[in-house]
Every structure is written in C-alpha cells, then in structure tokens.
Amino acid sequence: MAERIVVINPNCNEQVTAGMSAALEGFRFADGPAIDCRTLAEGPPGIESQILSDQVIGPLCRMIAAEDKAASAFVIACFSDPGLHSARESTDRPVVGIAEAGITTAMNLGQNVGIVSILANSLPRHVRYFRAMGVAHCIAGDLPIDMTVSELADDGKVFRRMSEVGGRLRDENGADVLVMGCAGFSRHRAGLEEALGLPVVDPTQAAVGMALTILRSRSRR
Amino acid sequence: MAERIVVINPNCNEQVTAGMSAALEGFRFADGPAIDCRTLAEGPPGIESQILSDQVIGPLCRMIAAEDKAASAFVIACFSDPGLHSARESTDRPVVGIAEAGITTAMNLGQNVGIVSILANSLPRHVRYFRAMGVAHCIAGDLPIDMTVSELADDGKVFRRMSEVGGRLRDENGADVLVMGCAGFSRHRAGLEEALGLPVVDPTQAAVGMALTILRSRSRR
Amino acid sequence: MAERIVVINPNCNEQVTAGMSAALEGFRFADGPAIDCRTLAEGPPGIESQILSDQVIGPLCRMIAAEDKAASAFVIACFSDPGLHSARESTDRPVVGIAEAGITTAMNLGQNVGIVSILANSLPRHVRYFRAMGVAHCIAGDLPIDMTVSELADDGKVFRRMSEVGGRLRDENGADVLVMGCAGFSRHRAGLEEALGLPVVDPTQAAVGMALTILRSRSRR
Amino acid sequence: MAERIVVINPNCNEQVTAGMSAALEGFRFADGPAIDCRTLAEGPPGIESQILSDQVIGPLCRMIAAEDKAASAFVIACFSDPGLHSARESTDRPVVGIAEAGITTAMNLGQNVGIVSILANSLPRHVRYFRAMGVAHCIAGDLPIDMTVSELADDGKVFRRMSEVGGRLRDENGADVLVMGCAGFSRHRAGLEEALGLPVVDPTQAAVGMALTILRSRSRR
Amino acid sequence: MAERIVVINPNCNEQVTAGMSAALEGFRFADGPAIDCRTLAEGPPGIESQILSDQVIGPLCRMIAAEDKAASAFVIACFSDPGLHSARESTDRPVVGIAEAGITTAMNLGQNVGIVSILANSLPRHVRYFRAMGVAHCIAGDLPIDMTVSELADDGKVFRRMSEVGGRLRDENGADVLVMGCAGFSRHRAGLEEALGLPVVDPTQAAVGMALTILRSRSRR
Amino acid sequence: MAERIVVINPNCNEQVTAGMSAALEGFRFADGPAIDCRTLAEGPPGIESQILSDQVIGPLCRMIAAEDKAASAFVIACFSDPGLHSARESTDRPVVGIAEAGITTAMNLGQNVGIVSILANSLPRHVRYFRAMGVAHCIAGDLPIDMTVSELADDGKVFRRMSEVGGRLRDENGADVLVMGCAGFSRHRAGLEEALGLPVVDPTQAAVGMALTILRSRSRR
C-alpha cells in the first residue's frame, strides 16, 4: 500500500478543511505519502468548549477505525487535540495532535512559546493541556483574539487582531516564537511571521511534518 | 535553488556520517530537498566531553557559513547539540539540533522519555541541557551503555547493551518512549523498537524531519 | 429542595457502587445532604483505558443533565476523573472528581503522595493527569497491584498486594501518604492505614467531603 | 466522646473569631462534630510578619496539648499556617492549616488560583509557603489590598478593594478561582463571588471541611 | 567597630560548636571579620523534629537581638535553618542559614545535589524546605545515615555510614556533589570527599563564606 | 604556593577589568588569596551574542591552562558564564561563573530574583541558562536597560536606567533582590541598593566570594 496520512478536521467546517489542505501542499511529495484532509461530518461547526471537544471523540475514533486499513498515520487537526490518547489506543498507526506537535516544533525555534488563540474561555482548557504535556513553563503566554464566528469571516480583521495579540506576546510576554492556536489560521502564517519578525508555527503543518517524520523514520528503502 | 538540508556530523568519523546518511534514506523524496551528510574534518573522533563539544563550535560555524548559500537548512548531528545557538546566529537558515528535535519528537510518542547514552560522564552535561530545553521533568531516565570506543565496534554487543539499558528505562524508570542519545546508533533503531516494544527515536531522523517540516511550512507551491 | 450529592460510578459494576455507598456512611448527617450513589448503566465493567474513560463522558453528562434539578453537587467516582471538565460545563452545580479531590486532600496529610493503582497500563494516563492538575512533582510514585479482574474478587489477595505496593511506595519512594487509585478499594482503607502506618486516602470519601465543603461554604443558615 | 473540631484563631482578635464561627454555621450538623472556635489569648492582634507567625507556635501548641483529649481535629485559622507541622507532631489528631486547605480546595474549582491578601510585605512569606506546598506554579497571582488595620474596620472599603484586586487577578493574571488570604474575610466571600463571577474560597471554611472529611473518612458507623 | 560574624549553634551541644569553630579556621583572616561560634544555651541537645526546630526560634532571635550591636552578620548553624526568616526580620544585619547556603553553594560545584542526613524522620521536613527554597528539583536524593545519638559518638562508624550513603547518592541517584545535612559533621568533609571522589560541602563553612561575601561586597576600603 | 584567585574578564575591555578589580578590594585579605583580575586579550569588546560567548571559550581555556600552576581558583567574569563547564574540565582548580554564583548568592537574600541586563537580545540566552541552572522559576524577571555601547559611557544615564528597570522589577515583577547582569556594573551596586531599598548583588563579587569559600573550606590550617 502507498503511504497516506489522513488529516481529520474534527469540526464540520469544510472551508477549514480546504484551508488546511492548501497549507499542506508543501508536504506532498511525488513519491511521498498522500496527504488527505477529511472533515468529520458529525463534528460541530467549531470546537469551543470541553463538551464539544469530548463529544467528537467517539465519531473521530470511528472514522479512524474505518480508515485504519487505508491509512499510514493520522493527524487530529484541532488545537484541543480531542481524543488524542483514545485515538492512539484505537489504532497501531501513529496519531499526531496539532497542539502537541505545534508546541514541540516551536520549541525547536525559540525558548518562549506564545499562543495566539481564538477565545478567552479556551484558556483554562489550554493550560490543563500544556501542563499535561509537561511544557507549561515554556509557554510565554496564551492570548485570545476574542472574535465571534461571524467576525472570523473578515480576513483583514482576523489578521489585524492576530498581529496585535502576537505583538503583545512578543513585547510584553517575551515570546520568541508563536504558535497559532487553531487549525483554521493557516493562511495567516506567512503574513504574521513577516509582520512580527518572529517564527510562526501553523500547528497543522507541524503535525503533518511530525507524522511524516515518524513514518519515514521507520521506512527501509 | 533546489532545497538542500545539510546534516553536519561534528565528529570526524566518516563511518558515523555514512551510517546516518543511510538512515535518512526515507527522507529523500524525488522532488524534496537534497539531504547531504557532511563530516566536520576538524572534529574529534567522538564528542565525549564539554571541551570537545565546545571546541567544534568554531569549525562548525565556519562550515555553516561556507555552505550557507548552498543550503536551505542545517542539522547538527551530535546529541550534545554543540553550538546550536551560535549556529542559529550564524545563518538565517533554520538550524536543528538532534537532541532538541529527538526529545521533542519523542514527546509526541509517549509521556516519559528514556535516553540511552554512551558514557556515564556525559550525564551531567545532558541534564544541564535537558533543563535548558525545559523538558527535564519529562525525562524518565538517562542511562549509559558505558562502552569504550573499541567495544563500540562490536555491533552485537552494542545492541545487547542498548537492549539491557532500554529495558531498565522501561521497567524501572517507567519510560514509554526511548531516544538514542548518539548520532551513531541509527542502525539499531528498528531492532531496539522491536526488542523492547517501545517506540525508539533516532534523533538524526527526527532532526531531519524537523528541518523538512520547517522548510515545507514556509513553502508556497 | 433538600441538598443531595449524587455520586456517579461510571462503570456498570453495582457491587462497586454498593461498596462506595457503604464507605460514605460517615458523610450522611441527619440534617445534611443526601448522598446518593448511582451506577452508570451504560458504563463498561471497568475503566481500564483512555478509550473507556472517554466513552463514558457522553452517558455521564446525560445522567448529570437528567439529575440536575434534583442534585446539589456531583461526584465522578472513577480515578481517571472521566469527563470532569465536560461535566463542569454541563451543570451549574459543583462537580468533583475523585482523583483531583483524593490527591489534593492527601496534600493536607503529607508531603509525598504515593498512588496504589490497579494496572500498569494506566500509569501513562495517570501521569498526564497528575501533570494537568499541576501536582506531578508531589507524587512520590504510582505503582500498580497488577491484578486481573478475576483476581480482584479475592479480597485477601487484593489487600496483600496493596500492602506490598504501599510498603514499597513508603520505603523506596518516600511516600508519607497514600491515595488508593480506584473507587473500588474503599473497604481496604482502614486496614491499609493500620498495616502501613501511613494515612491512606479513599478518593471517593475525599471527593464527597470536597463536595460537602463546597456546598456548605455557600450555605447561609 | 462526641466529635469536636477545634478551630484556633492564633491572633487575639475576638471579632475575627466570631466572624469565622458564623461562617462555619453550615458545617454544624445535628449529629456531626461540634465546631468550636477559640481565640489564642497570647496571640498578637494580627499576624503580619514571620516573627509574629513564629511567635504564636509555642502558645498554639500548648493550646493544642491542653485541648487534645477533648478534640477530634484541629484547624489553625491563619493564612500563614503558623506552626502547622509542629502542631502535627504535637498531637495524633489531624491538624489542618487554612492556607493549605484553602488552596488545595481551590484546585478543585479552577486551574489558576488567585490570592487576595492584606499586606504587600506578606508576599515573600506566602511565596515561600506556596513553594513548600508544591503548588506555586498553580498560583496565578497574589495581590494585596494594602489596607491598614484601622481601614480594615470599614467594611465597604474592604469589599471595594477586594473586588478591585480580585478583578485584576481575574483579568490580568488569568485567575479562575480566588482564595481570600486571611481568616478575617469570611463575610465577604459570597459578595465577592457574585461581583466577580468566579468561585471564591474562604480558607477557614475549606479547612473545616477538610477536617470533617478526614474525620468522617475514618468513621465506621 | 571591627567586623564580626556570629555563628549560632542552636542546639546546646558545646562539642558541636567547638567542631564547627575548628572547621571555620580557614575563614579567619588577619584583617578579616572575627568569626565567633556561640552555643544557644536554651537549645535542645539536637534538633530532630519540627517542634524542636520551631522552639529555638524565640531564644535564637533573642540572642540575635542581644548580639546585634556587636555583630556584622549572623549564621544559623543548623541544617533546618530554624527561624531564618524571623531572624532576618529581627536585625538589619545579614542572616545566613546553613542549609540555604550549603545547597546554593553546592549548585556551583555540580548539577545534582545529594544530601547526607542523620535521621529518616527529618526527610519530610527537608523536602518542604527544599521546595520552599525553589531547589527541590536539583536535589538528587536525601538519604539518612540513621544513627542514634549514642552511635554518633563513634567517629569511625559515622564515617563508614556517611560513605555508604554518599556512595548510594552518587551511584544510584546520580549525585555529583554532596552536602552534609548537619552542622556536626564538619570533621568528615575532607575524608568523605576523598573517599567518594565528589565535592562535599560542609554547610557551616558555606554559610560563613556566604556571610563573608555579603559583608565584603558592601565594604568600601 | 600562596593562594591566588584568577578572575578572567573574557572581553578585552581593560576598563571593565579595572572596575571589577576595584570592586573586589574588600575580598583581599592580608593573609588571604591574591585576587588577580586579567583581561582576555583575544576577547571581543563586549559579549553580546551566543557566538561571541562561544568564541571566547578556546582562548579562555588556554589562559586557564597557562595560569593553572600559579592559580588556586578561577572566576569567569562575564554574565553568560562562557565556557564554564569546559573550564571545569580543563583544570582541577575550582572554576566559578559569575551568573551562577550571582544568582545562587541572591537566593540567600530574597525569594524572587530580578536581573538587570544590558540588551534585550540576551534574554533568550539568559533564559536557557537560568533553566539549565535549575533556578528559572526563582527569577522574577530579567529586564534590559537597552543602551548602546556609546551610551554606556554615560554613568549618570546608566544609573538612571538601572534604577528605572530595577524599580519595575521590584514593583511589577515582585523582585525582592536584584542581580546586575553584567561584570561591568560594579560601581553602581551600592547606589542602586540605596535607591531601590533592595539588596543588589554584583555577580563578580559573589563569584570571588564563592571561590574563596570553596578554597577555604578545603584549607587545614
């Protein structure tokens, strides 16, 4: 079987899935794994609470089981890494979470990681997870852009808010690398990096890179 | 210019360089970056002390400067990550260290990272570095196989000692993922993983994967 | 409405529920809250993996919603604290998890908390959670009795294994207080405390005490 | 002997003792332990320094010895937990400190604990203690209301200052639960909780709840 | 006034005081501060519990007040650093504790500090203090020689037990520097260092050196 | 041989060397070690990057080797502690770094250490080192005065900037002790201490005191 990395967007927003697929173009090699972005139909429009994060675990694991034979590795493309450890128990394939991969990748680019999040009410959920990963003390700050779903459609405004928040993380919190705390921000990575003069990690790219690394470390050509 | 990842073995052992190049075969894609393993002629036969680690920084940075125009990214392939931050100041290309990349990659595969090292006298140097990276509390243990250079030629013995030490890390220290603490162990990765039933990370593979991730995250095809 | 603490056993083992109800007798006061132990019919016989832990979240939150009007507080009586934060979003009543309450209570009885668990494969799940709680560095050790479900029926053997493991936590890991890492061990608390000469915390008792504290801190007689 | 929890206010301010006794009304059950609040006559008017905190240890331990036969558990009701470990050596009864119990209880209500203290010069003493407890990294901030003793008589002003400081802990430090860092603030708990929209812990209530939990975990009705 | 460092042995054992005075000979310079070792007459024969540690605070602070005009700096020469922060509030002179100075000095000699203590029951007291100092994670281990007072008179036996325990700290716990956890061990420092091949810190020497440093940093000749 | 502490200024600025020598006057005793301040001729004018810090290691270790027979101890007088561990491998004499000694000394004077640095771009280098030392969580903040080399000649301006930055560390970051993050600030220590009302540590003084302590702990008069 040819290698294939299945990237699951656990919210039902097809536009987000399309955006991440575009951002992953650089990871598609002629003789490399296929990179397939899938939308979890049962997912909510956005994962903005612990309840929504926990609710997608079931359908997510079912999708993983259904894809298992046709997949080499899985990426869970939501910054809450919903169901990451259940998924790892569900399959022998590697499963990578974008928050875990995004932050550990950022630790190769700077000492103090700043997180640009969407909503303030996600912060306690994030802090639990950063602690669980064992990296909380490397997080310089986690600041939300605090925009509603309707506002998120306004690309210019999203970018301005991300720049403001990223600038605060850099200037007040001492961040020297940023991670975008959402799978739906991919298109702003390059612009933000340029505007702020700091490396900016798109966690979905980081996770696909991590999956590729794990797969290719095992290959014996 | 076509992309090219330059992997520098900062010791002068050509066999080690050849071994890592073979282990990186899976990361060479038809339309991906060239992966070029280079030996630092000025390096010592092995980097077994802080002095030797610090002494290679100068020649390493000169090699990086010399290669800079013809490289897209650099990997420093010694588990002490000698000169990593000097190198980062020497070039605008990404520079990845194998210890940093190996351990952060392992954090995507388990909760408690065990390190299989060569020499006991490297342990205090390692612990300073694990602390500097901010991951010391995720390290379940760092145990040496304690073999002399001449003994290292005996592949069977090396593998037996790595298995013993890895088994202790798993059973007594609770490690659920291992990192091989040397760039020269690549050929034992798969065997060790099978023998111990734990994921085993070859840090050179992890670092090249990390360099690839950073490069391709920036690409706009 | 009279106060009522609903203790949910998220596995379907009625004997475990009966055992914890007996252990909670001391928390039932003439003019205090009713303490009602409920079995989650949809739960598995035991929660021995992340998958099982995540699978009960849905039915658990539905039970909480169903009981909400007739409850003053909830206790989730499984040492993995499954769905704790989803549950907290599901209701305005306080929700207490037995691992969180058991360990924080133990921190009032000693400096180094030892955990007596059932299965070795739960340890990575536990360590993620201890880190998420921010108390990992206060945990002296987490050792399993490693007994199968059928062996768990043999009370004498369970007690002997708990004593052995607790003795190792005390003598080799320096634990000065123990937490029993399972809601089904209540009947061994007093015996273990006497045998080992260390305070032993039954986390279900600790959690009900915590729920009572939260409720009564708000009361205005 | 009927159960009896002796709560010792180690300063000599009878009004503070009366205030905490009123706040404990909800913990007095018809068939539960008596809860007896006692003033340490030898104590200073307030415990505002390490010297004063250390000076009360002797008389406090003497009071504990004198009460020992007639007590089931002790609570030391000063946020410096003066003499907590000496007291634990002085008696076989459980001894609970209000800072230890208040903070560990708060860890069941949120991820980032904010402390509302009285005086700025107590902060270094607090930080030593939060570190000793092993919870310093869960403390979002510790801010003083900085009011003199005479100003503390002005209830309205105290509440306004507590609200301001609590609001800063919530908005600037990310606290999602507050602990009042003084045994004399009980009467403001409910108002503060309502004003700020965060759970607020009165540490004396938390400590009595903890003592009750420890006692009733041992009971065999 | 000529400079004078007052070293207070807070136990009443004159032999211990004489031993530390002898060990401080190297710190007495022709034109340097006098170094005066004093025995606290009110102290117990040994400080082997939190109660005894807390009980000496009063007399210790009184001795400091009495000596204040005739002293330039104070050293509290007991490894529990009893009353260190009360003493600091009692005088404007610098006050140094031997545990704090011993461990921070050891951090200049190695990465992993091993502690050779007398009694097992001191370990929880020590761990609270190491945490309060913020250095707990640099402590490789704290092992007691577990000898009774009468056995401590047997110098040969004390040395053998210290060597055994120090060897375990080195070989099993990875300590690369040791601190002797008692002011009464000075005479064994050099022998232990030679026997074990590790730097060994006598904390009383470290504390007097620290006091000298603080004094002379302020001097303007 | 008479004792002699060799203090090496690894930058080539003779004025800095002269300034530190003056600040060390208080550590020169009639019958104590000579304290000899040496300028590393090969050093750069200032050590303002990781590259410059790493580049001095070679010449520094050569100077240590050249001086070895005529020295009792070495101090590396640059706040980056360049080559500290290489130097320790290069000689059997004790080698002390001013950052390590300055910060561990400050931990004897307060709970929260503030660092007054020169340049913002040194902060990531510092944070790696504070983590490596295991003291990062005791650092209240590290703020730069951000002055160019030419501005540094203006003593009044330097002092004003240090006072401003030190005041922010005290008032906003809660620092209760400061360390001057440069070997060239000695002359401002006393003034800063007076202006801010906090103890201020000159790390070069602290390091010479540490060297003296280590030497004299070994002496047997």
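Per-chain residue numbering starts at 1, and chain names A, B, C, D, E and F are given in the order in which the chains are listed.
Just so it is clear, contacts are C-beta pairs under 8 Å (C-beta built on N, C-alpha and C of every residue); 3 or more make two chains touch, one makes a residue touch a chain.
Model, not experiment: these values are computed from the prediction.
Common neighbours of subunit C and subunit D, listed by label, are A, E. The chains in contact with subunit B and with subunit D alike are A, C, E, F.
Across the two interfaces under comparison, E-F and A-D, the one joined by more C-beta contacts turns out to be E-F.
Comparing the contact residues of subunit D and subunit F by number shows a mostly separate set, under half of all numbers used being common to the two copies. Between subunit D and subunit E, the centres computed from C-alpha atoms are 33 Å apart. In terms of their C-alpha centroids, the spacing between subunit A and subunit B amounts to 26 Å. If each chain is reduced to the centroid of its CA atoms, subunit B and subunit E end up 43 Å from each other. Taken residue by residue, subunit A touches two or more other chains at 111, 128, 133-134, 137, whereas all remaining positions touch fewer.
This structure has the following touching chain pairs: A-B, A-C, A-D, A-F, B-C, B-E, B-F, C-D, C-E, D-E, D-F, E-F.
Residue ranges on subunit B touching subunit C, taken from their complex, read 110-112, 137, 174, 176. Contact residues on subunit F toward subunit B in their complex (touch as defined above): 49-51, 53-55, 57-58, 61, 83, 85-86, 88-90, 125, 128-129, 131-134.
Residues 123-124, 127-128, 136-137 of subunit B are the ones touching subunit E in the complex.
Put simply, subunit B touches subunit A in their complex at residues 25-27, 29-32, 94, 96-97, 100-101, 104-105, 107-109, 111, 133-135, 137-138, 189-190, 201-202, 205-206, 208-210, 212-221.
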